[in-house]
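In the two complexes that follow, chain A is the common piece, with chain B as its partner first and chain C second.
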Partner chain A sequence: MKSVLAIFTGTFKEGARSRLFWGILVFAIVMLLSSLVLSEFTFAERYKIVSDFGLSFITFFGILVAIFVGVELIHRELDKRTIYVILSKPIERSAFVWGRYLGLIGVILVNFVLMGIFLYGMIYFYAGEVNFLIMLAIYGSLLEAAMITAFALFYSSFTSPFVAAFATLGTYVICESIDIIRASAAKQSGIIRWTLQAIATVFPDMSRFNLKTAAVYLDKIPASNVLFMTLYAIGYVIVLVVLTSFIFDKKEFK
Partner chain B sequence: MKLLPLRKLKGIRFSRVSFIRLAAILLGVALILIGQRAGRNEFKPGSTKIYWVPKANYIKTVALEYEEPVSDFFWMKVTLTYGDRNFEKKATKKDWEYLAKLTDLVTDLDPRFFIPYMFAAAVLSWEGEMPEEAVRILKKGLMARPNDWRIPFYLGFNYFYFLGDSLRASQYLARAARLPGSPQYLPLLAVRLRSRAGDIKTSIRFLEGLLLTVKNEKTREVILKRLKALKDIDYLQTGVRRFRTIFGRNPSNLRELVSMGVIDSIPHEPYGGRYTYDPSTGRVWSSTDLGKKTKR
Partner chain C sequence: METAVRIEGLTKIFFKNRFFKKAETRAVVNLNLEVNGGEVFGFLGPNGAGKSTTIKVLMRLLFPTAGRAWIFDVPIEESRARRRVGFLPENPYFYDYLTAEEFLFLNGRLFGMGGKELKERVAHLIEFVGLEEHRKTRLRKFSKGMLQRIGLAQALINDPDLVILDEPTSGLDPLGRKMVLDLIKKLKEQGKTVFFSTHILPDAEEVCDSIGIIINGELKRTGKLLDILGRTKGYQVEFEGVTDEKILKRIARIAKSEMEIRENVYAVEASDEELYNIVELIRIGGGRIIRIIPQKRTLEDVFIEEVSES
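Take a look at the complex of A and B:
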């Protein structure tokens, strides 16, 4: 446990020092500001436009950080060969993987909190009111990013950074299109149908985490939904991190 | 003129630095050109525009979880096109169809977004003269915003005013009247529509109701103009009726109403025409048929 904590702080500090992280964050805030300008081009319902764009930018950039910072940190470790120093210590490899994952989540959490505070302030000053539901929508996106990070870590454990980043991006697209994949599976037959159905079953359905529309239209979001989302995400994360540790265990570092 | 032999050209070497500089300069020039082009990018009818509007299904597939901002983007296309100061003067039928298609797309992508429905009801049917298209779009809103009285109200208005179907209009108004927040006059208006369809006072009441829900200045102007003309006609017709009760006959022309002191003056027709009068029936109307006989 102590070793997990040590790796966690190390990863977190490294992530917070990453230029990529700050670059994406600054860009995200600029884009959030731009949604104020965009909302000027509509007749009315500016609250909706600002929230639509704001929440989408937060999700999009949160996912970007999850993919790229996640992949970058693992490979920098291999590149600089610091991994040998760490792994020569009496640390279990699964503790190393968990520490890494949690450190990345820490970085992503900071990213979401900063962007979230910014959006909250922006909506408050612009529309004069802000809803709790916006926070829930951001939470949903955070869970998505947590799952994407787990995927990034998983792919990074056995491929090059380039392939891992692309695979994670592809995974994100698949996870957002589960309903479309299911629908097209129903139209196919034989091996294609079987493959599509397998994809739809294995990958998580991330459309369940999309509370943006509900937040903008002030729908009621039942607490059971939020609980379900949280458990669903944690379940996937545990499976992926355990798989990653398993691959790491077998891996030979030369 | 002799061309330089190739081997001499080989002597010139492009270093990487100069290449980057060249690229930067080219990019700068391109940006300036684009900026200038954007500066005079005012609305021109026809040829300069791409009228293609993508299908909602395709967008839904590629937009992932970002459907709302994508639909907002297309909505901005509508407002920017319509909002251009030259649009009103120069828009062709095709331009209006383009706006209708975009509005249709926006309401497909985000069916709960209200403003496009108002746009359909107040702009597409009035200025774009596409009431059928507006009705089709509004019917989507009926499902997506079941508790919004404005949607069936707009539908009722379109059926009554543009499509001349008072029965359906009154049904939609009755539906609107049952929804929360609907104005008090709706049930009465619905009943009135059923009994005295096409009556001018009904139109006036309807237009006044519409005006309360519309915030866009341009559209308000269009409605206010129509409202003035209808109120004038109502005023003149009331004058004619009063003349008949006093003198036992119809006035021979509208000026007689003024000369006999029944009304103060004949109001100004807002569409640039004048008010016409038929002494045999006593009916007052406008020479431009409420602006319909002018341009377009």
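Take a look at the complex of A and C:
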């Protein structure tokens, strides 16, 4: 546990200080600000426009950090062989994988907190009202990012950074389209139907985490939904990190 | 005496295709080696000989194709085998955005260290490797020499009984090299075992008690450095006063080298076997021996012999 904590701390500091992280964050804030400009040209309520665009940008940039910071940190570890020093210590490789994953989640959490604070400030300043549902919607996006990070870590453990980033991005698109895939499967038959059904079963359904519409239109979000999506995300993360640990356990570092 | 490292029948083959076992490189072949506790062991070989591969197998970064190894009698498969080990990889590169101090804390915590003990150890090591002024500097701003120093510091964080250094002097300037060699000597004085790989032979000759020479993955020679270098490779004989041309020609014929003449003093190299004959010829010719200098072998001579034989 101590070694997981040590690797978590190192990863968190490394990630939170990286230029890539700050670059994406600054860009995200610029984009959040642009939602204010957009709200000037629409007739809809300012609150809805700002929160809708703001939440979409937070999800987008949160996922971007998850994919690129996640893949980059692992790739750099392998490419520059910093991993030699860590794995030569009396620790299990699974401790390394968990520490790395949790460190990345720490970085992503900071990203979401900073973007969330900024969005809250913006909504309050320009629309004069703010509510708890926005925070729940951000939480939903954070869970999505946590799962995407687990996929990024998983792919990075056995492929090149380019392939890992591409595969993670592809996974995100699939996870966001599970409903469409299910609907398509129903219209197909044979192997295509079977493949589409398998994809829809294996990959997590990210639409469960999308609380943006409810937050923007001030709909109720039941506590059971929040609990369910939390457990659903934790389940996927555990399976992916355990699989990554298994691959890392067999991996050689030339 | 405790055996620090024991390797039995170690073979490492890198396969092009792991499933069809299509061989690519036989990096290490049936390596047997023992390093005693408290000695400085130099693992020598040209580039690509299998030194780093062997070290990586010991550190569990690579898995052996065959054979086994133990560190202080603990099989390397067990993570506790690395509890008493400090390791510095070749051309180390560390986390860009961590400071020197943070990096050492991270490494200490991986050994389960913490609190006052770790704080004091980090402060001591930063001073020991001469980086006091850079303790708060991020590692991305470190030069190669400074990275090597912080790398050595992290290898010593747990006060290890065995320090494994992979090419620790490679690419360093003379001052950096001296620092590393002095450190190895200090570790030896403290009773630590040092296992280091190098292809820089004068470095090994300066600090090693024992050596192993590996070429093309095969351990060609291993033993105490003094035993290996102990045998002379011949003698240089300097003499004067021999005027008989026939005798001079006979000396020249049996000598190992061309006869040199400087200010009426002759110098020839004689093998162990021919030394007596040359001395006898000088005596018969009425000459006087000025001096006989034993020609000691250097590690380079031994190394070149082994490479040539391979």
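Convention: the second predicted complex is superposed on the first by the 253 of 254 C-alpha atoms of A that agree within 3 Å, B and C clash if a C-alpha of one lies under 4 Å from a C-alpha of the other, contacts with A are read in each partner's own complex, and residues count from 1 in each chain.
Note that in this section contacts are C-beta pairs under 8 Å (C-beta built on N, C-alpha and C of every residue); 3 or more make two chains touch, one makes a residue touch a chain.
Computed from a prediction, not measured in an experiment: that's the story for all the values here.
With the two structures aligned on chain A, chain B fits next to chain C without clashing. With both structures placed on the common chain, the touch criterion links A:Ser18 to chain C but leaves chain B unconnected. Chain B and chain C, viewed from the C-alpha centre of chain A in the overlaid structures, lie at an angle of 150 degrees when rounded to the nearest 10. Of the two partner chains placed by the overlay, only chain B lies in contact with A:Glu176; chain C stays clear of it. By the touch criterion defined above, A:Lys212 lies against chain B but remains apart from chain C after alignment on the C-alpha atoms of chain A. By the touch criterion defined above, A:Phe132 reaches neither chain B nor chain C. In the superposed pair of complexes, A:Gly10 makes contact with chain C only, with no contact to chain B. By the document's definition of touching, of the two partners only chain C reaches A:Tyr84; chain B does not. Fitting both structures onto chain A leaves chain B and chain C with a minimum C-alpha separation of 27 Å.
Counting contacts by the rule stated earlier, no residue of chain A appears in both its interface with chain B and its interface with chain C. Against chain A, the residues of chain C that register as touching in their complex are 14, 56, 59-63, 79-83, 85, 87, 89, 91-98, 102, 106-107, 109-112, 114, 138, 151, 154. Interface residues of chain A facing chain B in the complex, by the touch rule stated above, are 38, 41-45, 48-49, 52-53, 56, 59-60, 172-173, 176-177, 180, 206-207, 210, 212-213, 216-217.
Residues of chain A that touch chain C in their complex: 2-3, 5-7, 9-10, 13-14, 17-18, 80-82, 84-92, 252-254.
Per the touch definition, chain B reaches chain A in the complex via residues 61, 64-69, 72, 75-76, 79-80, 83, 112-115, 118-119, 215-216.
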